[in-house]
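I have placed the structure first, in the form of structure tokens, so that the comments after it can refer back to it.
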Amino acid sequence: MTQILQFLMLPLVHLIVALIAILTFIALNGLILVYVERKVAGFIQRRPGPFEVGPHGLLQPLADALKLVGKQLVMPRGADRILFWVAPLLSFAPVAICLLPIPFGPYLLGLNVNLGLLLVLAFSGLNVLALCLAGWGSNNKYALLGAARAVAQSVAYEIPLLLSVLCVAFTCGSLSFVDITASQTRGLLSWNVFSQPLAFLIFFVSALAETNRAPFDLPEAESELTAGFHTEYSGMGFGLFFLAEYSYMIVVSAVASVLFLGGWSGPFFSGHWWMLGKIYALILIMMWFRWTYPRVRFDQLLNICWKWLIPLSLINLLGTALIINLVR
Amino acid sequence: MLDKPSFSLDGDYYSSRFSELGKGEGDTLVLNLGPQHPSTHGVLRVIVELDGEYVRRAEPVLGYIHRMHEKMGEVKTYVQYLPNMGRVDYLHALAWNWAYVGAVEKLMGLEVPSRAEYIRVITCELNRICSHLLWWGAYVLDLGGFTPILYAFDDREILMDILQIPTGSRLTYCYYRFGGVSADLTETFLTQTRNFIERFKTRIPMYHDLVTGNMILRGRCEDIGALPAEMARRYGATGPVLRGSGVAYDVRRVEPYSVYDQFEFDIPVGKNGDAMDRYDVRMAEMEQSVRIIEQALNQIPDGPFINPDVPDRIMPPKGEVYFAVEGARGKIGVYLVSDGTARPYRLKLRAPGFSNLHVFAELAQGTILADAVSILGSLDLVIPEIDR
Amino acid sequence: MTTTIQKTMKGLWSLIVGLKVTGKEFCRPWITVHYPRQEVTNLDTFRGHIDLVPVLDDPEKPLCIVCRRCEEVCPSGCIRIEGHVPGEEKEVPVRQLLLVSNISLPHSAAREPICATDKTLRVLDGFSLNYNLCSLCGLCVQSCPVSSLTFSSDVYLAGASRKDFEFDLLQRLIDRAGSTKLKKAA
């Protein structure tokens, strides 16, 4: 009897533990990334960045978080009460599920599903809905414009993202992250980034757009739309959007490093260190972009997608399929 | 109980009037940008009617920082009005200083020693670089690039340190006096200026690498807000806005005042009058200013920095006078009517930003909201100067 | 077609050039002044609010001869002066704000130093400065015929109320004199 119960409970316990671990990881990373982002911005701009709270400002993100938590929750007059508060939760909640199937080491993963890639793509799509609801529910014209932009942008960039991911799925013949990583463990040259460089570039650009990072941060373009979809949010409402943005950065970087950079494979150190290193390297590049480039205009953004990325990724996909067929 | 809240969400007089006037066909949205808005740089308010993201109509609303500078001129004596001039346009304060001081000198027939003229040229051009640097940073900030403004401020801080030596202040200078300037240039000033020029020559290529050549920025500026020369003239636009449209009108060249006729410098002009042309004109102007400063530093004569024969009481004879100088934003004019007393009878300030701003309504029509912001930034507006 | 691709390639290269610039700056040291730990060094040329200058032989006695030119020329009316003529014990009348002294002339360094023993001088009883209104034009300093005014270079001024910026310059002079005396004694 107990054995049967154990057998039943084990996957559930595993899942719960994994979820808790992932949530902790996300929260911790939110704090670290806020600090890193501000330090990177500071160094690029020849200034120290946060410095006063704690040694070298290390406790600054904690102070910021405390401030956000402590603030009164304000809702504008005429806003939709339910949608307004559902939006930030909806933006943040799927992140945990997105990180579930990603292997941080040979055995360090939350859930080994053979459709992991699909799971991540499906749940990360929910973020658009959250931005849309936030913009619509705020009863604010800027927020509405930001939401409209967010929807158009995310829907457009989902296509090249999917197409470039498909290339990798074709070459590896699997949608499971574990299998994809396993196929890249034969040294540096077996990484997919070398066999699929174009797919990697397209994926990275689309990922920047999907996560609303500069130079594609149009939904919150503060010079035009003050703060875009989260104009009316303060306190923890804003905090959750903020946390979600950084978490999605981790998700896309994790997916990119698994798909293209060999995931946990690497010499000398254990797998999870390699994985973390790759994730952070990608995130640092994203930050570097943000503090270098101006913002792309809305129609240009869509032009890049429809006129360049989608045709290129289609050609890439067809080429990949052709080569695979020929090789077989 | 309350049909409408005491503060109406439908807006005030301006927005309701704006909505009434030619409410366009179809489903449009009236958006109020400002007076508190990140891209209006101060308290400019622009009401726009949007069709999706396209601007149907735009109308600037002024007066949020109207400080009655012209009226103040009528109640203060000639010297007491001097500090006001540093506050009309705080970014190019010395040009305003010069316009007012020059007008009074012209009316009184005061002579300015030639050293003072050179001092004025050097400090005014330094101030112009200061102003253009701030515009550059703020414009790229409007377009979403955060870092350039801090690089610009790096140089600008040095400039302000330099200008602090003779003037004693860092932004709202009150330095020029009738018949000269209030303090001589020191040796530190001269060496620091020379050092700055050497440094600045290496910084400009960096600016071009970081921003001017950038594909994204060019996409945001090229063919945006093309201002035909005829239209620029119609609105009375001056300065880089007019020169960007290909009209080489520069007060320093057309009606040379002071010693500007003794320097060699080019007047950069654009071609199409789009935002990129205005951008290029300002970037080139900084290099020209450096050229002028270099020549002035080499030529600066010895002598008094202020005319010792300035009368004890500044009471210009009856009459009127107009004096114009080239500011960072365009032609700064001071029209002064004197009735022979210690206070001006009437003082009219021609602010270049006022004319430049009104180009916006026509330029923005039919553009995307993001382009409208780009156009607004490319006009280089200083709102306190427009409102005066 | 080829031109489009060329243009795109050039554009992409410009993006890399931009990254190179910021990358280089990333590796260079800070240029900002880290305020509570460091302070800027160029304050000597900064013109803050005005202060009285003492006579040569008595650091507590101001040079001021109560001519009230500064009070008169100030565009913002932030200076108030009280004084009397010794022996007469009556206040010096406020001048009409009509005659404006030649403030365009800077004060020359070669002025006669004034000593405290000069009996003909009017005595300054109070010199209050309302720094809230001051626009730092420096006209008062330049209009002073005896160079009795100078600029302080104090930029670290902060206060919680307007009262904090209403200075009694005579008191400040005496305080400063006290501190220099203390220093001398030490």
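By written order: A, B and C. Residues from 1 in each chain.
We take it that contacts are C-beta pairs under 8 Å (C-beta built on N, C-alpha and C of every residue); 3 or more make two chains touch, one makes a residue touch a chain.
Predicted, not measured: the structure shown is a model, and the values here were computed from it.
Compared with chain A, the chain whose C-alpha mean position is the greatest distance off is C.
By number of C-beta pairs in contact, A-B leads when A-B and A-C are compared. Overall, the chain located most centrally, as judged by its C-alpha mean against the mean of all protein C-alpha atoms, is B. Measuring from the averaged C-alpha position of chain B to that of chain C gives a distance of 27 Å. Each chain gets one centre point, the mean of its Cα atoms, and the points for chain A and chain B are 44 Å apart.
Our note on geometry: chain A versus chain C, Cα centroid distance of 54 Å, whole angstroms.
For chain C, the set of residues touching two or more other chains reads 15, 18, 21-22, 25, 31. Counting only residues that touch two or more partner chains, chain B has 147, 151, 154, 210-211, 214, 216. In chain A, the residues that reach two or more other chains under the touch definition are 44-47, 291-293. Taken in their complex, chain C has these residues touching chain A: 8, 15, 18-19, 21-23, 25-26, 28-32, 34.
For chain B in complex with chain C, the residues that touch the partner chain are 76-84, 86-87, 147, 151, 154, 161, 164-165, 168-170, 172, 174, 177-180, 182-183, 206, 209-211, 213-216, 218, 306, 308, 310-314, 342. Put simply, chain C touches chain B in their complex at residues 10-12, 14-15, 17-18, 20-22, 25, 31, 42, 45-47, 73-76, 97-106, 135-139, 142, 151.
Touching chain C in their complex are the following residues of chain A: 40, 43-48, 51, 288-289, 291-293, 308.
Within the complex formed with chain B, the chain A residues making contact are 41, 44-47, 77-78, 141-142, 145, 148-149, 214-215, 217, 221-224, 226, 290-300.
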